[in-house]
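Some structures to go through are shown next.
Presented sequentially are two complexes of chain A, the first with chain B as partner and the second with chain C.
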Partner chain A sequence: MSLDDFVAFSSEVTGFTEFDLLGTGQAQSYRDTVAGVVGEQGLAELLSAYRREVTELSDEQLRAEQLTRSVLGDPRLGPLARNIIKLWYCGVWFGLPGHEDTFTASPQAYPQGLLWYAIGANPPGARAPGYGSWAGPPRIPALPASPIPRSLTRNPSAG
Partner chain B sequence: MIFPEGASARTSPAAVAGRVYDVVIVGAGIAGAVIADRLSREGRSVLVLEAAPAEDLTIKGYEAYLTDFYAAASKDNQSPYPVIEPVPMPRSTDARPIRPGGPNTNGYLVQNGPHSTDTTYTRVLGGTTMHWEGKILRMLPQDFELAEQRGQGPKWPLGYADLEPFYREAEREIGVSADIEDQRYLGLTYPPNYVFPMRGLPPSYLDQMVARGVDGTRVELDGEEFSLKVRPFPQGRNGIPNPAYDAGRGFVPVGAVSTSQVDEGERCQGNNNCVPLCPVQAKYHAGKTLAKALDRNVDLLAQSVAYQVHTDPETGRVTQIEYRHYHDPNSAEYQTGFARGRTYVLATNAIENARLMLASGLQSRSDLVGRNLMDHAYLLTWALLPEIAGTMRGTNCTSGIVDLRGGRFRRDQASFSIDIHNDGWGWPTGAPVSDLVRIVDQNTYGFDLRRSLVDQVSRQLLFAHMIEVLAEPENRVTVDPRYRDRLGNMRPVISFRVPDYTMRGAAFARRLSRQLFERLGAQDHTSYDPSEYGYVEFEGEGYRILGGNHLAGTHIMGTSPGTSVVDDNQRSWEHENLYLVGGGSMPTIGTANTTVTATALCLRTARHLLHELRHQDQPVALATH
Partner chain C sequence: MTSQTQLLDRPLPAEIDTVADLEAYLNAALRLEHATIPPYLTALYSLHPGTNSDARHVIRVVAVEEMLHLTLVANVMNAIGRRVDLTADDFVPAYPAHLPSGETDFLVSVQPFSPAAVTTFLNIERPAKAPSEGRRLLPYSDDLGAGTVLAASPLNPGVRFYSIGEFYAEIDRGLRHLDHEYRQRGEELFSGDPAWQVTEEYFYSGGGEVVPVTDLASALRALTLIAEQGEGLGGGIYDGEGELSHYYRFEQIQLARYYQKGDVAARPSGPRLDVDFSAVYPVAIDTELADYPAGTPAFEAAETFSRTYADFLAYLTAAYHGQPHQLLDAVAWMFRLRDDMNRLIRNPFPGRPGVHASPVFGRGPLERS
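Then we have the complex of A and B:
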């Protein structure tokens, strides 16, 4: 499975655009981390289930139901999908049954965590916002226009 | 700030063995560093024995700390610091409830209980200030007179007025940012025209929101009425220099310690990571003071763990310090060395000073060494504010409520100050990562996940009540030959019970925070789990008391050898040429984080030592007629 597939899936489950995700510089490292733990096969299963069950649906409501049912709600794929979300948000791979190790994907993973960005903050100890920045209200970044990853829309170059 | 190249390798055990220094200092934390600095400034020969390796004090070493911190999956407050076999240190993650039948020997501290503490200190070059938060509160004048005014605690041999000039000197050394207008309360006085070296750090958006709800709240306690107000704390981190400082001479902030000159005095950038490590060294650490001292030929012998203080049985005078020098931080092999001086200063912090004295068989006749161990008791309460407060931004803590630091009520119950934590519920719950995990595990993803995070993290409010603890002889550090570290040093054995006086303060704090949350329209989410360490039941209610990292009291100062270990100069009553310095000398700790007071005491000791050495230098004048 290609990096693009991984990033498209990640975009939908994290709520960040593919552009944002690639901007962290961590996509390849995260993909390799996941494959390293569950194997290429395990990752491919997840991504193909997503492609098969979700990507063809254009109705947002249906899409959400389907993603919850066949991916997040799947006893085998769900834990893996949730772990990928957590990886993007804080750089940590959490132990799973059968793969108990909890670890940070790389020292750069943590400063790139989306968790802090999502709430208008910065990861403690990294990407400092500057003297006095804390005195004003937080700048919480706006959500993308659509939850559907851009590479999966019928006409990726439009709009 | 330049770290003199090669300074950490200037001497060796062999070279040290052939010298008698004016002063041998054990421990390169802030206490040892300021004494080394002041004595070397006057040309005194100084040896600093330090347990930890010394290469760390370069930008490169500092960056390694940072990388380790980024890479650590569990970001507990010691995570940047290398675990090395010869010099173990406590970690908050070692704390466990203590089961009947034996101590918890899990971590470096052997915990006898009944209370299990997660207090820590850091055995690296620069000591625990590498790691500290850097809140700089002076003790109140009434804290020095608690015994006289309220009948509580041992007596101090000196008062606020005696220490005031040294507080100012410590504030210069640390580089304190605060606005003087905010720091005049409960009798805190300063000389006319005094200002802090740098302007106060702006209060966080969260502080401002809390202030709108809390300011003006009236509280009655022991017949006295208090009006609460959110107030910024003085900070040991670089802000904007105040041109009015030092009678208009201003102040130049000290920047990162490096082997080459880097930007001068970088300002705090709001990394919200002061604990455990400030990435830009905006926060003071003792390496800044050490670098100055090392530039003046102070000898630093690193990787040398003091093992025993030897004394002359007749005179009680210290004759030498025996230390264990290891070559390889990954091995427990060592060679024994001896260091000799005219005077000796133990500056290894309250627990380690007592440990070393007791391991050396130097229990004082008053049996007070190691007793009266104190540490602030922290009670946390947490809630969700009705609006987005921008939590998780700024330094760990910019403001708090200090109005209950003093008052008549102290005859019955502990005083406390309240910190408003900019890092939300991080301390009790592991937020925001724990929130992320919880929300994702509910299969919330995508936009809903982002919205939930904002909703559940950016509204977090945490009050940390820092509650006074008084000296109790049964709260103590001991040693036991059964418990040793890999280098053969006896480990500290801690017995600690949270005094009822403190718990009455805690109970009051809990009630008050319910009231404040209500005023703020905040939803109380506080809960204390009886199965966790630190759980205390008091008068039918459960609380969780966490460690304050403000270790004090194991060698208290006083006016006589029967009631204290050291005199007002921190000089041992029983060992004339020995000084036990730092928080351990404090008979009370009030509600001030201990370091600025301990540093002021050390600066006072340095002045005394200079005087003492000069006096000893003088040839005995023969009386002639």
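Then we have the complex of A and C:
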């Protein structure tokens, strides 16, 4: 499974665009982190299920329901998918049954966590925002116009 | 005719004779100081996060001091009661820009960190004194392409200085000359409102203190700080505050070793400086917005950044126009620009395998449609 597949899936489940995700500089590192824990096969199963069950649907409501049912609600794939969401937001891989270790993906994962962008704040101790900037309101980015990853809308029949 | 023009074999602009001449030179100096910032920042943020911490620190310090230099020139401009304007269409140069290095010139590109980029940075900061009075100003060819010629005479098209050092020497001469003239007439050259000066309460940074300009002595001190931070004091490797000058800071990257106290030029004896030229995003060189395929997220991000940068220059202009307290908020704005640049640079350039996106620095209304 390519990095593009991983980023497209990540975009749909995190609510950030593929451009934003690549812009953290962490995509390859996170993909390798996931594959390192559950194996290439485990990651491929998740991304294949997403591709097969979800990406063909163009109706956003149907798509969300199908994502919940066949990926997030799947007893095996669901925990892995939620772990990937948490990895993007916090930079931390949380232990799963069978893979008990909890760890930070890399020193850069913490300052690049999506949670900081989502709340319009800087990670304490990193990405300095400038003295006194905390007196102003947080700048919270708008949600993407569509939850459907851009790379998938351009080639709706791909895969 | 001044003594300098008599030494040259063709009519050249020689000395700064009027306040309007001085204003033109200071405007050229603002452009020159600013022109170094996009190349430095792009190289800085092309470094992979978590790598090249030595090079990152060196480039960052120099970039921040170039921002100080811009402010120092603005202080001189305000001190003579003339207006600082960073919003003119030609304020941001067209890259690759031309800078003089003695008899020849060299190109300054917005490019990723690389050995070539480091060589360019050394050229920018190189100390160079013209071999004779007559070689301070040199004609340059008209067919240099679209790139802006920096350190050129703002009064006489087609003529540029031997070096940045000689360009500033001209301003130094002009200030002394005009100050003397004004005094003889019982007038004051430095008639600007002192409240418009950027003082240290509005400008904080690691390297060098901002110099409020109210008279000839402080004006010359401001210009001396610019020169010394770039090329060192009196041929040494340090400036007047005991800080390593920019040229030697960059040379540490080239020689992969730090200078330490007691060292002489070209022979640093400090700890090793580790450089990894492979841990770099290969950003597109001298990108224009038109290079990006329309409708791609990278185009949209580059366009937004370009517009934001132009807005930021307008904000700085207001700060230099009697609102120095605005510089405090400008710092937060600069950090947001940093985050935007990083986000762009970490993305691939659409349709160009192996190339990454690169920031385009807003160039006024032309690119703001």
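Going forward, the second predicted complex is superposed on the first by the 153 of 159 C-alpha atoms of A that agree within 3 Å, B and C clash if a C-alpha of one lies under 4 Å from a C-alpha of the other, contacts with A are read in each partner's own complex, and residues count from 1 in each chain.
We adopt the following convention: a contact is a pair of C-beta atoms (placed from the backbone, for glycine too) under 8 Å apart; a residue touches a chain by one contact, two chains touch by 3 or more.
Computed from a prediction, not measured in an experiment: that's the story for all the values here.
Of the two partner chains, chain C is the only one touched by A:L22; chain B is not.
Touch criterion not met for A:G36: it reaches neither chain B nor chain C.
Of the two partner chains, both chain B and chain C are touched by A:S106. Comparing chain C and chain B on the residues of chain A they touch gives the larger count to B.
In the superposed model, A:R150 makes contact with chain C only, not with chain B. Touched by chain B in one complex and by chain C in the other are residues 106-108, 128-133, 136 of chain A.
Within the complex, the chain C residues that touch chain A are 48-50, 204, 297-298, 301, 328-329, 331-336, 339, 342-344, 346-348. Residues 66-67, 69-75, 201-205, 208, 239-240, 267-273, 277, 279-280, 388, 390-395, 398, 422-423, 432-433, 436-437, 440-441, 443, 445-451, 453-454, 457-458 of chain B are the ones touching chain A in the complex. Partner chain C is touched in their complex by these residues of chain A: 17-20, 22-25, 106-108, 112, 127-133, 136, 139, 150. Across the interface of their complex, chain B is touched by residues 12-15, 64, 67-68, 72-73, 78, 81-82, 85-86, 89-90, 92, 94, 102-104, 106-111, 115-116, 118-122, 124-126, 128-138, 140, 143, 147 of chain A.
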